[in-house]
């Protein structure tokens, strides 16, 4: 049995509270077990210099943790004067993942800024951030539809993410909490679309390299979890769901 | 009448949710109208180099805003690589204010780190942060009492803060929201103890200098507001309240 | 008696040497006792990006100390690669204070850069900087009048600043030197106009909170000191004095 | 056919020149087609603070490109004053990959610094860096054996890396050059041990998500390429090869 | 005798390998004994802001060492987040030296970026960088001639550099290797044109001040060495040599 | 004739005001024409990490300009967050120059911090800084003699510096003011001891390379100027002069 009595293929309890921050065009508070992330989507009517004049849009992401989101306090990156490697890696991942399902041509010359701020951490913060940010993104784009700035929702498919890993006893497990994650010999983050295609696959066996068979089990668990996460996204989003993937 | 139909000497609705973050020794979510701040207090069993070996403790504070706490998105200070002047000023103010009511000699060689993270901003973020941080601080110190690491609560008095200002029509008002604050000709932050003494007084008349009479009105409003805020702190804290100021 | 045998309501000896730096449009060396600050005012024919196209001017200030202005050498902020919180707080204060008496609309799209460099420090550096910078500012604006770039002096009133505080024996005192300042239980900086209105009031009782009565005494001392400082500014400035406040 | 007339499962020409830099304990110049990377391994007789006193060693990596390694000149990270996200991601990957085959317990309290400097880039710089750095690492550890500082080679298995991807025509291909890489719809880096286990798997389908079948083809190509790279490593290393994996 | 058995007026073995980096407009690998520097020249079709609209070109240089170019590993400047004083001094010297022989008016509004990256260091890295960079610069400008973007080579004269010094035994010596350089009492870098004029002369006697007579000997040795270095440059460059100094 | 009617071998008016800053162990205000530099020498009873435990002392220097020391305002290096190349070069030069005449073995494990802050600039700031800093250094060391912390003055010889250059008309000139310096085709800084030996020689002919004959004229002028500067240093220092060079 797992530390929190879940079965190996079971997600933690997931809730997504929409419109959590009043100023943002789109926002959610996503909770995956004790991991809590505020995700906002902000619309800016211009694109970065390297994109100008192409008539295309851009999606970019930033990620941070409050100093006391974790068991022991972490110094702020602003106080240290620079962003750490882990943060950079995560914010690049979130941006890349969301761009994969947004039709940038149809978005127009706009930037969607995604901000993911972890207020409480218990493992899986980057995958929770992606799952929540997708909902915030849809809510922000819905505003553009309502304001007639866009005719169609420029989103090709659903998108969610989860983590899987191999526990010290060799068992593959879905949605690791921090305690499991810190002991896992293999750790993998999977980002997948609604149609079950891979967008990102990042597996690391720093403690133990892993075999093709183990990879296969991990992918199966991830697919199951992401299917369930997308169901929760759909319940949160309501009617707009039907316009995702519309040609 | 004020934009939100309050009378000039009326606070916005204030709530303080204790133990908001599970990992922190003390934490609250304070809401003052639409201003929401997560305040945590973290205990570290050492003091900064300039304090070592004196047997005394230290209290220090950090303050930040999520990028989309405000109407338009603000770039993160971590991304810009440095902390701005406004943030520095605020975190120095919060630290100084809390230290004024903590008996550092009785705290022992410990540092209390106060983190105030504004998740939604609508004026008065620094004063809300102080009012909330005082509660988080007491909750953290209560843990030390329960663990028998301290015998008495090393806190001399209650502490809360509010803002007052002079509106464009010349009217003095209590607890300005962002819309009022951005138009006020005079802006003043007051930090006061439970016994009605001043800890900090920061008044600025950049638009209009102010007279001694106006100063008098502003101090009266501030005193009333802080009295009410301390009542709310007491309701949140429960029994421990009786040990504040204990010799 | 005070350490330097002054009475409690007595300023230190104050001198203001105008045109101290040949390149600057306006400059002074102000000495307040052993505190010596070089203040320059530089005119730039453009405004910062956030002000452009409004036809208005801007006044901004920077403050620094030479490493050996103080009893023990302080590392340079340039060497540390960042400006400290104290410096930021002071330069924001100086800029805000001077803007309060400048008519930015009548200044035209120009920036006045105020630089205050403390070459020797003995308490009261920020208030001396404001008092000296006001004179440097007038000298620089006088040049614009002589060059017919301005028709009237865009300055609404005189401006000076001093510090007051409560000494360990409970006595309120004017213009604290470093030795007094480091022991004072309450420390307050007051910036006031020629007509006796408050521009800034910053009081801190980190060691001891203070009562309304104490506040009243401090304000009285500050008012007396600022009145005397403005007399010294007038002696330094000569004829141009008559054009301050001209409609 | 591919742009350089290779078949889809063919590596570019690979050479590894050992002992390329005279001062380093271990060094190579690895060329994979036109991609050239200088890899050095430096031994330091202490470990980072977070590892001290555990009797274990550490392996860490840094990666950089000369400004003109690429078709257009890139500004130096030193000149910009910070390390970019891509660089951080790569150097974390290289360090993690090498640590996975080093027996840190048997290394003793030493740090191996791996430096990978790309002097000419044509795709696959991070995987070439890992493949070359493994050889530099072994050469450095061989010195410790010769100096009798170690009794056995603390390396559990061989390690090499390559990139695979899906070209715009849907074809999976091994070891992409820059021109192919910039057009690929899916891009994957694979790090594998001599016994064919995965150490890292990083696949990204930013342009096109990918299916399980495509993943399968990519893994097959990667496995073939890594097998060949390890053969080249063995030829470079000579006799010491027999001591890898020794218990 | 010298540590490497050279006579006191003898250069180390010098080779210059042209076109070392395929992407750069001009590039060499210069070896002076065990000192090896990759020099590239990159052409950018614009000039820095302070030069715009004058119809003139610019030449600027950057210099760096790989971390393990030296006997013990040096931390990267990118990792430390700033460029050290020694590096700044060297890159300013290289840029100034090359500009002295380039006719910036005839270059047109272009910047030539010179990058000198030391891959192995054994004394004399800055002078080797200048000598190599001159060749890379000519190769890059030759491309502009071939592309008919320039009609004449905008280079007034040859340019090379060497170091000379006074060894502990009082003997003046040419082209110091690291071991000699670290013990020398006087160290001098000389940059000279093909016609034997001085472009830069930087002598330092931190250990021992030096007399006019010693200066005379050092200048003689430098002149001899630079004459020989220019001969090697000519052999590397081939036919283009005739167009240097053309009016 | 020169712009200020001096003859070509004439220094500007030089004054050195000792003990200019009350807190510093040694200090002067040196004026060389309109160039004014505050030089302080601060004694710290420890040495930098790389010197510890050798029983030797260290001398290090920092240099800065007030923003309005120059005709147009320069941004502060602290505000830009880094020290520029020119500043680094100058402070390295000042430190090296002073160390050349200090007997570090006899200084004991102390650091002398030299701070040179230019309050008004008109050419020759670095050489004026060296000439002034030497006096500040002696004044600080004299304090150590008086306190019996040193028995002898650990200074081997006098030290001063000046600039020389070749004006556009080909004429060599001593002690260039800013206007001359900005037009000179050759610019040279010379640091020399009381016994007429060279400590530093830095000549640059960016506009025009220079011949051996020109070098000879420049050195002659420099020698004359430095001789006169050392006479002024002697007048400032009084009796302590006799102890310089004492064995």
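Read from first to last, the chains carry the letters A, B, C, D, E and F; within each, the first residue is number 1.
To be clear about the criterion, a contact is a pair of C-beta atoms (placed from the backbone, for glycine too) under 8 Å apart; a residue touches a chain by one contact, two chains touch by 3 or more.
Bear in mind the structure is a predicted one, so any value in this text is a computation, not a measurement.
**Student:** Out of curiosity, which chains are bumping into both chain A and chain E?
**Tutor:** Shared contacts of chain A and chain E: D.
**Student:** Within the chain touch network, how many edges lie on the shortest path between chain A and chain D?
**Tutor:** 1
**Student:** Greatest Cα-centroid separation from chain F: which chain?
**Tutor:** Result for max centroid distance from chain F is chain A.
**Student:** Select the interface copy of E-F from among C-F, A-D or A-B: the correct pair shares over half of its contact pairs, counted by residue number.
**Tutor:** Among C-F, A-D or A-B, the interface that shares over half of its contact pairs with E-F is A-D.
**Student:** Return the chain whose centre of C-alpha atoms lies at maximal distance from the corresponding centre of chain D.
**Tutor:** Comparing chain centres, C lies farthest from chain D.
**Student:** How many angstrom lie between the centres of chain C and chain D, each centre taken as the mean Cα position?
**Tutor:** 60
**Student:** Between chain A and chain C, what's the gap in Å when you average each chain's C-alpha atoms?
**Tutor:** 51
**Student:** Quick one: chain D and chain E, Cα centre-to-centre, how many Å?
**Tutor:** The answer is 33 Å.
**Student:** Where in chain C do residues touch two or more other chains at once?
**Tutor:** 81-82 - these are the residues of chain C that touch more than one other chain.
**Student:** Under that contact definition the chains make a ring. Starting at chain E and heading to chain F next, list them in order.
**Tutor:** E, F, C, B, A, D
**Student:** Over in the complex, which chain E residues touch chain D? Could you list them?
**Tutor:** On the chain E side, the touching residues are 21-24, 27, 34, 38, 40, 42, 44, 62, 64, 66-71, 73, 76-79, 81-83, 87, 113, 115, 117, 119-121.
**Student:** Applying the document's contact rule, which stretches of chain A touch chain D when the two form their complex?
**Tutor:** Result: residues 82, 84-86, 88-89, 91-92, 96, 99-100, 157, 188, 192-193, 195, 197-207, 209-212, 215, 219 of chain A touch chain D.
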